[in-house]
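The structure under discussion appears below in the form of structure tokens.
By letter and in written order, the chains are A, B, C, D, E, F, G and H; residue numbering begins at 1 in each of them.
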Amino acid sequence: MEQDKLLQLLTKVRGGEVTPEEAVLELKIAPFEDLGYAKVDLHRGIRGGVSEVVYGAGKTTEQVVGILESMRQKGVENILVTRISKETAERIGERMAFEYHEVPKLGVAARDEREMVGKVVVASAGTSDMAVCEEAALTAEILGNKVVRLYDVGVAGLHRLLSHQKTLMTARVVIAVAGMEGALASVVGGLVDCPVIAVPTSVGYGANFGGLSALLSMLNSCASGVSVVNIDNGFGAGFLANRINRMDGLAG
Amino acid sequence: MEQDKLLQLLTKVRGGEVTPEEAVLELKIAPFEDLGYAKVDLHRGIRGGVSEVVYGAGKTTEQVVGILESMRQKGVENILVTRISKETAERIGERMAFEYHEVPKLGVAARDEREMVGKVVVASAGTSDMAVCEEAALTAEILGNKVVRLYDVGVAGLHRLLSHQKTLMTARVVIAVAGMEGALASVVGGLVDCPVIAVPTSVGYGANFGGLSALLSMLNSCASGVSVVNIDNGFGAGFLANRINRMDGLAG
Amino acid sequence: MEQDKLLQLLTKVRGGEVTPEEAVLELKIAPFEDLGYAKVDLHRGIRGGVSEVVYGAGKTTEQVVGILESMRQKGVENILVTRISKETAERIGERMAFEYHEVPKLGVAARDEREMVGKVVVASAGTSDMAVCEEAALTAEILGNKVVRLYDVGVAGLHRLLSHQKTLMTARVVIAVAGMEGALASVVGGLVDCPVIAVPTSVGYGANFGGLSALLSMLNSCASGVSVVNIDNGFGAGFLANRINRMDGLAG
Amino acid sequence: MEQDKLLQLLTKVRGGEVTPEEAVLELKIAPFEDLGYAKVDLHRGIRGGVSEVVYGAGKTTEQVVGILESMRQKGVENILVTRISKETAERIGERMAFEYHEVPKLGVAARDEREMVGKVVVASAGTSDMAVCEEAALTAEILGNKVVRLYDVGVAGLHRLLSHQKTLMTARVVIAVAGMEGALASVVGGLVDCPVIAVPTSVGYGANFGGLSALLSMLNSCASGVSVVNIDNGFGAGFLANRINRMDGLAG
Amino acid sequence: MEQDKLLQLLTKVRGGEVTPEEAVLELKIAPFEDLGYAKVDLHRGIRGGVSEVVYGAGKTTEQVVGILESMRQKGVENILVTRISKETAERIGERMAFEYHEVPKLGVAARDEREMVGKVVVASAGTSDMAVCEEAALTAEILGNKVVRLYDVGVAGLHRLLSHQKTLMTARVVIAVAGMEGALASVVGGLVDCPVIAVPTSVGYGANFGGLSALLSMLNSCASGVSVVNIDNGFGAGFLANRINRMDGLAG
Amino acid sequence: MEQDKLLQLLTKVRGGEVTPEEAVLELKIAPFEDLGYAKVDLHRGIRGGVSEVVYGAGKTTEQVVGILESMRQKGVENILVTRISKETAERIGERMAFEYHEVPKLGVAARDEREMVGKVVVASAGTSDMAVCEEAALTAEILGNKVVRLYDVGVAGLHRLLSHQKTLMTARVVIAVAGMEGALASVVGGLVDCPVIAVPTSVGYGANFGGLSALLSMLNSCASGVSVVNIDNGFGAGFLANRINRMDGLAG
Amino acid sequence: MEQDKLLQLLTKVRGGEVTPEEAVLELKIAPFEDLGYAKVDLHRGIRGGVSEVVYGAGKTTEQVVGILESMRQKGVENILVTRISKETAERIGERMAFEYHEVPKLGVAARDEREMVGKVVVASAGTSDMAVCEEAALTAEILGNKVVRLYDVGVAGLHRLLSHQKTLMTARVVIAVAGMEGALASVVGGLVDCPVIAVPTSVGYGANFGGLSALLSMLNSCASGVSVVNIDNGFGAGFLANRINRMDGLAG
Amino acid sequence: MEQDKLLQLLTKVRGGEVTPEEAVLELKIAPFEDLGYAKVDLHRGIRGGVSEVVYGAGKTTEQVVGILESMRQKGVENILVTRISKETAERIGERMAFEYHEVPKLGVAARDEREMVGKVVVASAGTSDMAVCEEAALTAEILGNKVVRLYDVGVAGLHRLLSHQKTLMTARVVIAVAGMEGALASVVGGLVDCPVIAVPTSVGYGANFGGLSALLSMLNSCASGVSVVNIDNGFGAGFLANRINRMDGLAG
């Protein structure tokens, strides 16, 4: 039941047109969700600084364009669109301001100006993990987080990672992206004191079984403070990093 | 190279006993780690409010007691000990102040007085998930976090969960614990704006395959802002929740 | 033994041409199935309102066309053909009346006029599950069931689902279609009192392992009254929904 | 918000003590679920003939007894308790009327007198599936369904199954219980025109992988009209069979 | 329909009491299986030399004893009973002549005197596979086959196997039993020209995953002429070996 | 050591040119295999009636043609070539007499005239299993076995299978080919007294996991006398059927 | 054919008692393996310094004692016995000199005096991996290798590992033992230039799936020079380390 | 901290500009790794004879060319590039001397002249494993090892393998490459006394599950002295073989 309809109903109760008993009945079966819907959306926009997100995979170009146009008409800004092809991006670009990144297949419509805050570090094991890394990094940036990229710092050449220890230790959140054996998450988890979001990737072959090796490795991390998102889910890591990075202080 | 040895070396450089070139050589091969060790520990204690943790599984009672006594002698307080039997707990209790919780098989030695801050909500799908929930909740409490328990709020009876919506929406972190189909994480993830740590449990039978069903379910959550720890890893969730809950505000 | 041959045999028994003992012998080895075949078919047509179904996958266009022509010659109507390409559909359309639906790759030859009865609700978690949903919905419709579609009501935005609670609660059967974590089945199962048929889909990526995550999630549903069909098996769900929707009342 | 509190609020609106606007505010945040809870329960009791169910696994004897006593005090009858030991059953028996079945480890407290309706056939492949079969059969019986048991009719001796064809063909629902290769579900599915609920069991060894073989077999059944519940989930099958068996006729 | 009832029916047809049309109707729904049942059993006894087999796992001692007594009363001899404990065997022994073998947990009631024919070779990779081997070997022997045992001839010490090449090459059937990597089946398959029945065992640890490694290895054997039975299924291999060994010559 | 070289060596021993001790030394390290190779081949040709087989998958057209030409030069006839494309087949056809079957992608070079003996029945669950069935059937035929094809006799329509019971019961070997739930093997296994070779196929979708469902189903068959080959391995089944069908009688 | 029998045969050829042609025939079918057996054994003893090994798991105490006594009578020394209980060890100790290690359940009979050579480093991630580590370390020591133990140097506390960098870099072989995420192998592999043998252990819980996580992690190691043995196979690692450590130099 | 910066710091300490205490502080946080990097690289070049390796998979042609040009400018020779297409190889060839091998998709830039030492045997089960074999063999050759290829010596035709026993027994390292059932590793492991590196390949179909069958088989090898690398990881095997082959003698 939407807010104005509820108000109408209650006004009728006050006016005696509807008895309290009748109102109880109507309220019991009324769809409370529309209230919830509006509330949640506003709340989200205000508290989390998160704009709308459109998951492009499995949607036609027409569907994606349609959703974006509808959002734009309602004045929504900074709409993140993930996993879309260059062609879809170009089609969107014909209708509205659209910034597209080809490697992670991710774009943002009507990007707004917002202050970049905090520090999210995206560390990756190898160059082949780039697409997932960039999905994470750009998601975080579009949502207004300062991002530092530490790419190709896999554990087989530990010096590469250790040379950036200072950067890691001053991060508010670290996103550790790795395929193959996924050991990066544990090593980073042992070095830092902030939350670590581990992203297993499907990079590798043979017994990596499409990312299973990195996934299991990260879930079993002997380092505390590490949690894991789905294989190749750069967006999810970037989104969660934004939530954590923007945490208020306890006193505030 | 430990700090005092490093100081000796550098004093010798100043005194001319050792040339800078010789010192470079020595430093190159010096075990830098001992410095790192001390630093990390202090840092951890100061910043994260995290005391030492002893993982009891796979250790003999003798080993656990030995480690704890050694720590106590160095004055360490608030030492969390996970996954130990009642017998081991009693043996520890004969030597030092030890608080033991039987359901999650978890104890704390020399628990300190610390201010309880923030709000961590631990929500669980069913009563059978109790042991994992309590491991999470007590870990968070021992590390100094206020914890609200919402148990038995599984999604098959949605009203149970929705009646606590206010509690959920004012949490700084939510730990969602569920076995079987693990749907709780997605539903909670859709209701709140704070980070959600999902803990799959091995509760269930048949095609739950020891927690695999809940694990996969949570990793594939359609709700953003959810990350996952290992099956039954209540400790890990409580530890991470502490890290997130204690985040400084961006301005601070 | 076909019915007329059996009649011949028994007439011979009556006429004394064949002794009962000889007939026993012949009947023992006679292929009883052809009788069964005819019987079952008639029975099916009368009781279940189910026409013939041709599973198109793995059959050549020639084979599908051949089977349909043979059926049409015998006067069969309302023949459902699943999982065929647009090309095959066009080839069929050149020979007989054929209605084709591109999204679920499903068609119906010689669709009959039949009363649409009951109420089957098809609820889906996301737009990407559309093809499976439509396979279920159209199958149910072609078999003569009224279908209500509730698409994109995934549990991460619970209000979307809850706003349709009335529709759900008045359904005779609900088909819950979901990929990723498949939580929709449990939540719907907790809301309704009618049978719920859960259809896991292969929609998702990474640790969804081709639909395994949704499948396991649905099999482990904590809600009672939920059963599961194969991954992406929209047809099976629609077919079963028809059977349940058309149940006679207990009194007759 | 419970019903009487809602009535109080609305009476205050009518009396002018509370403005409609204030009531809107209160209703927005009010826990709507308690209404839902009451409603759902009543609805369930009236429409589905289903009493309360207590899942005993993972609960202590104390917890089970506590829940039952609380329910009995509220006058609830016919409470099904699944997966409890003989000891727990005896403890319950000391407090209230309790009927216990040892093979399926299932009991019923305060069983009521109800008319047994319809026909649910429980067919099983072998004697080793007995516990799961009885969990299904007794669940259905306690909920008020006439049950016919066809045990040990596995497909390796087809004549055993076929000799009961008439029983099968007059069922309103068939529950097919099988371990090992689980072929019973497909064969039964091909023989009947009513819904078939397949229950894979963990009976077998080696490559049955705890019931996986029967589960996959049943999910891939080439027979239409078959759906599947969790491995060894006799209760779920009996519960769902009750729902289907008690379907009203379309005209009614 | 049993044979005498069928005769009665046909006599009535001859006598004019029942019309052929009525008889057709009755025969259509008559349970044909009981005829089949008798026939199959006799046939089996005559052609395959196979007596009854009772699978003991999952049956109570009472059930096993009951079945055996019932069979004995009907004069059945040479009844194989698999997977029973020593206790059950002793209980059976109190009632009838019973020969029990403790290692494979297999016994035979009322063993008959029969000519031992052909040659079945049972080859095993290691001593730990003994129980499965003996289940296979004794099954074959009880069914009347000459068995040669080649134990501990694993491929890591090829000379052990090759020294028995002559024995292998004169076998009519070879049963190759192996756990761990299961390579024995391929090597034996390459040496002989007769059918090879491969039995993977659960012997091993770690990545043998309960026999999966040997199972997959044997299914993927590069040697032709090899087929596989379930993990640890010695009985199945012995039973099948009997069937193959007793094949008539093509001319006969 | 090839036969003529061995003869030379032994002649030298007789002639005193080489002492027995020296010969022992030479024989110890001599490659005995070339003898073995020749022997095995002859033996195979004589006893099993099996010609050479070339597994085409993963070989270039050049390699396949090369192998065949080399064999033809040595006078080998009836060479079976499996899993080759039409193109490769045409290339072979330019060089030698070659009969190609497109559905199973199988051909035979220089097919000989041989008496067709025995009876191998190839039964399949559905039309989609055709390619695997034909690989099995043609392999058996090319090796000289009479083959009866019973296609599309899946268990969901039991009458189709039962109408061919006589054909099945007079077979010397049955090859049961099925995808999806693979129940055909168990049902056939229960009907016949001869060895049954089960071939799981990858036909199906979703939870068939590339043939795993049928494979596990067949391995767990409750019918005795059934053994299994690799998924889609029609050749292996045909080859083994030939071995079994051609078994000599025990007396002969 | 054993050596003396071969000599007899060849002497008969020289003496003219047997023609070369007859000898060729006999040699073709002679079991060459017994020669091979003796040769291999001697060779092994001389070159690899490896004594006999008895794998105790799955053998009865009687069998183990029997094998050892037989070996001792032939004068074999330094016999390694793996995976035996303390009871078995005590029983052996009553018959012969026997050194038993309880943690890895491993013993050595008639241990010889041999020079300890080279350097094998056994590094482990945690204290819970101790049993596997000691199986590896003691195996290597008993075979005559100097072993350095670096225990509890898991990657979550990198300083612990790095402080032993010098020890690692001077090893000839490193055995890296780790459960959980198994990252140790990759990190060690990146630090050293010698062969690394990775041993995954089953230590952990939940998604470690009995060692699968560490196994996959190690197989997918991004570090070159790492190979893997079975889960918990400390013996295999120690045995292989011995082979590598004892490699001759290329010039030698 | 790079070496010159360290020297500057220490010079300042000597000059009194920086106190030892200040230097301690700076050194604690200084990135020590750049030193380490240089050291490790030199060390590697000197001791292991290993040049740089570029893993081509997942890198664009531009990235591969860029890396190679940068290396060449620093004078690096003998750079191995794995898993690149012919097109990429041709592009590289336009810029620098580049030797490309099409079957294993592997090339070497600026190949140097180096003495070929030792003996590495690469044995493979079948011709289809060729690409993986050649990746292993060429990797070993480019790194300066003499390689003997024994292809198509699968265990189903044991004579092929045994005829090369001498070659095998004189190897310093054997690389055993096999798909399907992977039995080659165990058989070879039983024949030789040197380290065996097993490479499972994805060659096969059906229940080989992309190489899983060979992988598990090899991990469970009953032969000691065998270790395993990732599925299809020919490079890893060749690289490790180089390390082992080049081991110094113990005295040296």
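The rule we apply is simple: a contact is a pair of C-beta atoms (placed from the backbone, for glycine too) under 8 Å apart; a residue touches a chain by one contact, two chains touch by 3 or more.
Please read all numbers here as calculations on a predicted model, not as lab measurements.
Asks: Find out how few touching-chain steps suffice to connect chain D with chain G.
Replies: The distance in steps between these two chains is 2.
Asks: Taking each chain's centre as the mean of its C-alpha atoms, which one ends up farthest from the centre of chain E?
Replies: Most remote chain from chain E, centroid-wise, comes out as A.
Asks: Could you work out which pair in F-H, C-E or A-H copies the interface of A-D, where over half of the contact pairs coincide by residue number?
Replies: C-E
Asks: Which one of the chains is farthest from chain H, going by Cα centres?
Replies: Looking at centroid distances, D is the chain farthest away.
Asks: Suppose each chain is reduced to the average of its Cα coordinates; what separation in Å results between chain B and chain C?
Replies: One centre to the other, that is 50 Å.
Asks: Taking the mean of the C-alpha atoms as each chain's centre, how many Å separate chain B from chain D?
Replies: 39
Asks: Can you give the whole-Å distance between the Cα centres of chain C and chain G?
Replies: Distance between chain centres, rounded to whole Å: 59 Å.
Asks: Roughly how many whole angstrom separate the Cα centroids of chain C and chain H?
Replies: Roughly 55 Å, centre to centre.
Asks: At least two partner chains per residue is the criterion; list those residues in chain G.
Replies: In chain G, 32, 40, 126, 157-158, 162, 206-209, 212, 215, 219-220, 224, 230-231 touch at least two other chains.
Asks: What chain-chain pairs meet the touch criterion?
Replies: Pairs flagged as touching, ordered by label: A-B, A-C, A-D, A-G, A-H, B-C, B-D, B-G, B-H, C-D, C-E, C-F, D-E, D-F, E-F, E-G, E-H, F-G, F-H, G-H.
Asks: Spell out the residues on chain G that touch chain H in their complex, using ranges where they run on.
Replies: So the residues of chain G in touch with chain H come to 40, 43-44, 47-48, 53, 117-118, 172, 193-195, 197, 215, 219-220, 224-231, 235-237, 239-240, 243-252.
Asks: Along chain G, where are the residues that touch chain A in the complex?
Replies: Residue list for chain G touching chain A: 125-126, 154-158, 162, 179-183, 185-187, 189-191, 204, 206-209, 212-214, 216-224.
Asks: So in the complex, which bits of chain H are touching chain A?
Replies: Those in contact with chain A are residues 29, 31-34, 36-37, 40, 57-59, 63, 200, 202, 210-212, 215, 230-233.
Asks: Across the complex, what residues on chain A touch chain H?
Replies: The touching residues are 126-128, 157-166, 203, 205-209.
Asks: For the complex, give me every residue of chain E touching chain C.
Replies: Where chain E meets chain C, its residues are 3, 6-7, 10-11, 13-14, 16, 19-21, 23-24, 27-28, 32, 35, 39.
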